[in-house]
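Here chain A shows up in two complexes: once beside chain B, once beside chain C.
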Partner chain A sequence: MRNSALQSMMSRIYASQLTQRLVQSVFVLFGVSALIFFIARVIPGDPARLALGPNASPEQVASLREQLNLDEPALTQYFLFLRDLFHGDLGISLYSGRPVVRDILEQLPATVELVLFSAVIMIVAGVVIGAVATRYQNRAADYIIRVLSLAGIVVPSFVWAIVLMLILAFWLDLLPIAGRLSQGMEPPRHITGLYTVDALLTGNIPVFFDAIYHIALPAFALSIASISQESRLMRASLVETMSAPFIETARAYGRTESWIIRKWAMRPALVPALTVVGLDIASKIGNAFLIEAVFAWPGIARYGVEVILFKDLNAIIGTVLVISLAFILINIIVDFLVGLVYPKIRLQGATDV
Partner chain B sequence: MSSQVKVFRAMPQSFTAGVFRNPLFLSGFVIATIVVLVAVFAPFVAPYPEHAGPFVDFGNVRTPPSAQHWLGTDLVGRDVLSRVIFGFRQSLLMAVVVLGLSVPFGVTLGIVAAYFRGFTEIAIMRVTDVFLSIPSLVLAMAVLGVLPPSMLNAMLAVSVTWWPWFTRLAYNVARAVVSEDFITASKVVGASHSAILIRDVFPNCLPTILTKMANDVGFIILVASSLSFLGLGLKPPTPDLGSMVASGANLLPGSWWLTLGPAMAIVVAVMGFALMGDGLRDELDKAKK
Partner chain C sequence: MKIIGSAARTAYMLGVSALCLGGVLSTTVTPAFANEDRYVRIDEKPSGEIDPHKARDFADSILIENLYDTLVVPAGGSSVGPHLATGWTTDGNSVVFELRDDVTFHTGNKMTAADVVYSFNRMRDMGLGRSFVLGSQIGEAVAEGDYTVRFTMNEPFAPFLAAMSQVPIVDSALVEQHVTNGDFASEWLSENDAGSGAYQLVSHKPQEETVMERFDGYFLGVPEQAPDGMRFRYGLAAPTVRTLLETAGHDISSPWLPPEVLVELSQGENTKILAVPATTQMFFKLNTQRAPLDDVHCRRALSYALDYEAVRSVMKVAEGINAASPSNGPIPKGLMGNDPSVADFGQDLERAKEELAQCKYAPADYTLEVAWISGIAFEERFALLMQANFGQLGFNVEIVSTPWAKFAELVTDPAVNPHVNQVMASPVTPDTDSLLYNSYHSSRAGTWQSAEWLDDAEVDRMLDEARGASDPAVREQIYRDLSARIVELAPTIFPYNLMTVFGANNRISAPRLEDPAQTLPAISSNFAVRKMVLRD
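Right, the complex of A and B next:
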């Protein structure tokens, strides 16, 4: 009885903490929008002239200035931008000539799919490698993990991508070098925009396997840097957990080491690894820019590079805003998940506030 | 709580001595020193220094690695090794300027926020949060995207993304320092705010900051090469490791040495500084105990 009252209090505190995080994030997002907006407005020279190039007539420049509200004071410009933003309007892309929101919505699912796949690879591989290294605790395993994690950190992701592409795609010819589907393959009916999910939902098995076949290499290249970090952390926290008194109890019951790791030690040991998952996924969003460039993956990161090279202000602001939003959301989701896996964190966090 | 921070006004002797016995630091230090020396003396070290510029030799185009050209030659017949060696110069210059701009700025803000608390703290740390909630590479790209492409602007763009990390680091360390008794003692004897910040708080943050700086030299090289890999950095013919990898990647799988040579150069440079940073951190943790 008392226990359930305590539980409901805990979950209330947890809920209010989450709300607080959400409110805080809204402010951060406003800050991000202001920051990126003013960065885009401090360009030396006339942004309209810059976008249209030296051959545009003065009338064209004037009409673009009008369209971008460039003749208003900076603060007014920002408020006009915010007003449009609340109407889901990020302006027209000079690069594609279409609404930025439409462009982004079209490009986003490919990137989401890529990041999701690589996150799954990272978590599974990280946990498995970490657990194996703990099970066979010796200098060799320790050494291998340390070298791997160093390699993951110091080798830029575009180098991983190129090396993997060279070996697996060009030399061994196991995987395709570019694109989301084979030539002649129709994309599945648009539901979520993630080809694998849509193919499953519509029961289109050949497309599903073709999509997996195409995403495997870029997703793996994107996950390498963080696999090593996750496994190193997983190993460190598993080793620590394995020396806890409750594990001694399990040993006294005569349970095998593997059983203890799987059933008892894994859950508490997952917490530190989970909290860095958020940060790792965030770094993936940045690295996705490089991976998409290497594998010609038609996602928002590739769109971002193109609009930046084109000096398309509306599209630059929109892309950065969407990416930051994704970044903030992922961190909130991870916090929520950590609370779910390990209830003690909820209360600890609450007493901190 | 009170004695969690080891207080010292200068680097203790045992620390400097221990560092040079740490194998991680030592191997990193050797690699980093070689990279720096090679970069500084590039015109004397490079086998074909004139190949760093707009040189062409159409008789020697895309030759694979050989005794004359250890890393082969590129599309217009230039020696890749020589260009890699000159590429180190750009990378290191980038790292030095970015750290020179972002460390003093970031650290000052962090220490000030931790010391004065209240509104100053909230204002500084919330702004820092905003900068930290955009992935670094994306923010650097956006800044560089709206500025005209040049080496200086690339340095500015990376600095804009770099200072908040130092603000957060200095803030975290300084918060522990300012709650120490000796800070209260300084206040009691009437030391001014700036004296306390400069003489008491800053020296105690210094070891942690230096450790991060050693690590960051490598990571700045990494970010800078990522930017130029995407075509947002220097324009040819200046040799730049990232753009060399990018232009070589277009010729895969044929002339693989055009990509892998400069790519390995980036890895070696980043690894040297990362190892140095790791070793320093190990020793710092030991010194705190």
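Right, the complex of A and C next:
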């Protein structure tokens, strides 16, 4: 009875924490929307002129400005934007000529799929490499990993992308160069927009493998810097944990280093890595644009850059809001995952409330 | 050791999976490529607009060229030839077109005069895309029977026929079905096709790819050796295009590849470059309203000081191929009024100093702002060159990098408009008017195209006169005189005519992009896929 009362109290505390985080998130999004709304208007150039092209007459430009409410005071424009936003309308993109919501829904899944695959590669490789470096601390393997990690971090991802493309696609002809599917292959029926997931859900195995075949290279290129960072972080965290008194106890019991790493040290060491992984994943949604450009990946990161250059106000705000939302959601998820991996933090959080 | 063991196991499993994957792919992916062997792959900057009356950019023009038809088409130089129209007559202040009766749209509907009237009205009423070519001089369009259309002019407008080469004809019955709340079916037509062109739409993702396939009912027929379809891709990065061209994964690049990639492609085993003489020209526009360039002698001094050869050498693509050739003043080669005897000023520092001596300003008192558009690397090199050349005359030169959007804003005010702007421009229609009127008529001052802010009554008179003259020989002479007058006033430095250069795979043959005798002035017209040949 006492246990169930405690559990019920903990659930209430979690629910309260979650509600608190969600309410905070709404304010954050509201702040981001205001910030980006006004910053976007500082970028030089008349969006109507850019949208209509250099040859459009002044009358055409004036008419579009009126349509877009660009002649209204900035504050009025912002309230009009908020009004439409509450109706799920982000306006029309001047860049594509289509509703921004539609553009985002079309582009976002491609980036989400790319980032998810990249995240899986990053987590698996980062943890394994970090563990190996710890196991062979200050020995040849550790030094080699250190040098490679450094190279992974300092060389920009698009350089890796081009190098990998040259080696794996051009010289060895193992992987495709561009796109999400082979030419002529029909995408699977749209369910999530993630081709691999949709192909599995619809039982379309050839498309599933084709999608994997196409995503492998860009996802790996996107994950290289993060693998390096995660593995360094993982190593540092593991080395610190391995010097803790409870690890000495395990050693005193005669356990092997590998066993200790896997069974005792890994969990607490994962906490800092997990937090960084979360931020890394979220930032990839916006930072993937160079990889998307190199591999002709039709994602929202590339779209985001194009609309900024085009001063497409509605699309800029829409894209930034989506990326901000991803940051917030992933951070919430990471916080709860950290609690799961290392209950001590969860309990600390609970008692702080 | 166990960790290593587990890592090794993981690696082993991954290896086995990769092999299985390879096996599956070899049976699933290859057939897909095979089906697509006869599609030509072309790329351009995003995004692609397929509503023919909203289309504006280069990518859009190529799409529309293949999906739609127009009454007349460019036929070399400034002339146009019949296409959907079999011919036309001038009747007082009207132009009457007789239409072909064997044209069907992709829906199977017959093209009639009603479609022409509908298309003209839709384009003008929407006021988007290239509707600016439809000057206010053009009155109304009326169908006189199924295959006759009469256009009434409000006043004489010689560029009318050339303007009609920019009005794609849509299947009015189909478009009308999709009009909601007076939106001209704009949203629908941005995702669907209502044309009669040699290719019909299969799918369209404006930031990713547009796919078209051969239309067997095309009224002119599509030759057997022409591609079965086109994949038009958006936003491929230069290294990607280079790799794809080498591996036959792509056929024709955009014209925006950097010179070093073009050099590689010109030497590639499977690749070539296509160099198209175009009516595009580089203009160094001098702000004639801002001291010291409001004095014609200072402007001429700058024109004589520039090292033209050095400018053109920047545009060298490969041994023997230079994208830049000497210009003939304001009217590019191939357009009405081009005078081959007009040469650029050429670098002559002695004459530059003579002109400067007549200028009422002392160069040392002024800092010239020379702008270049951010992101266009070669323009920065031109700006540096101008800094060196103009500096020889004693001017201080400040180089200013401006994004296009900022440039378009600065240019509206002559007081802050930089002294020198670099603009690449080409005529929108095959008519010289579409380039010169917007550049030099005083009523058009203050746009990107008229950054000179020229205000000269003689120039205005000649431009207006050329618009009203119906006799081509008279127009030719007016434009030649106009060209001489503009060179004399030196509002612009004309460093070169531009050759447009594309990278291509050897399997594609595109006569209009390879044989100067077949090349048309409007570059997009050279991308008619039905005129291309794919080698197996």
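Things worth noting here:
Following the convention adopted for this analysis, the second predicted complex is superposed on the first by the 312 of 353 C-alpha atoms of A that agree within 3 Å, B and C clash if a C-alpha of one lies under 4 Å from a C-alpha of the other, contacts with A are read in each partner's own complex, and residues count from 1 in each chain.
Operating definition for what follows: a contact is a pair of C-beta atoms (placed from the backbone, for glycine too) under 8 Å apart; a residue touches a chain by one contact, two chains touch by 3 or more.
Note that the structure is a prediction, hence the values are computed from the model and not measured.
With the two structures aligned on chain A, chain B clashes with chain C. In the overlay built on the shared chain, the residue A:G31 is in contact with chain B alone; chain C does not reach it.
In the overlay built on the shared chain, the residue A:A40 is in contact with chain B alone; chain C does not reach it. Chain A has more of its residues touched by C than by the other of chain B and chain C.
When the two structures are aligned on the shared chain, A:I162 is found in touch with chain B and with chain C. Contacts of A:K311 after superposition: both chain B and chain C are touched.
When the two complexes are overlaid on their common chain A, residue A:L82 makes contact with neither chain B nor chain C. By the touch criterion defined above, A:G184 lies against chain C but remains apart from chain B after alignment on the C-alpha atoms of chain A.
By the touch criterion defined above, A:L201 lies against neither chain B nor chain C after alignment on the C-alpha atoms of chain A.
Once the two complexes are laid over each other on the shared chain, residue contacts for A:G97 go to chain C alone; chain B is not touched. Looking at the shared chain after the overlay, A:L279 reaches neither chain B nor chain C.
Overlap of the chain B and chain C contact sets on chain A: residues 43-44, 162, 165-166, 170, 293-294, 311. Residue ranges of chain C in contact with chain A, taken from their complex: 1-4, 7, 10, 21, 24-25, 28-29, 32-33, 35-36, 39, 41, 46-47, 49, 51, 54, 56-57, 127-128, 130-132, 187, 190, 205-209, 231, 233, 235-237, 239-240, 243-244, 246-247, 249, 403-406, 408-409, 428, 438, 447-449. Of all residues in chain A, those touching chain C in their complex are 43-46, 49-50, 52-57, 59-60, 63, 95-98, 103, 106-107, 124, 128, 131-132, 135, 162, 165-166, 169-170, 173, 177-179, 182-185, 205-206, 209-210, 212-213, 256, 258-259, 261-262, 293-296, 298, 302-303, 306, 311.
Of all residues in chain B, only 126-127, 129-131, 133-139, 141-148, 218, 222, 225-226, 229-232, 245, 249, 252-253, 256, 259-260, 263, 266-267, 270-271, 274-275 touch chain A in the complex they form.
Within the complex formed with chain B, the residues of chain A that make contact are 27-29, 31-32, 35-36, 39-40, 42-44, 47, 150, 153-156, 158-159, 162-163, 165-166, 170-171, 282-283, 285-287, 289-290, 293-294, 304-305, 307-309, 311, 313, 316, 320, 323-324, 327-328.
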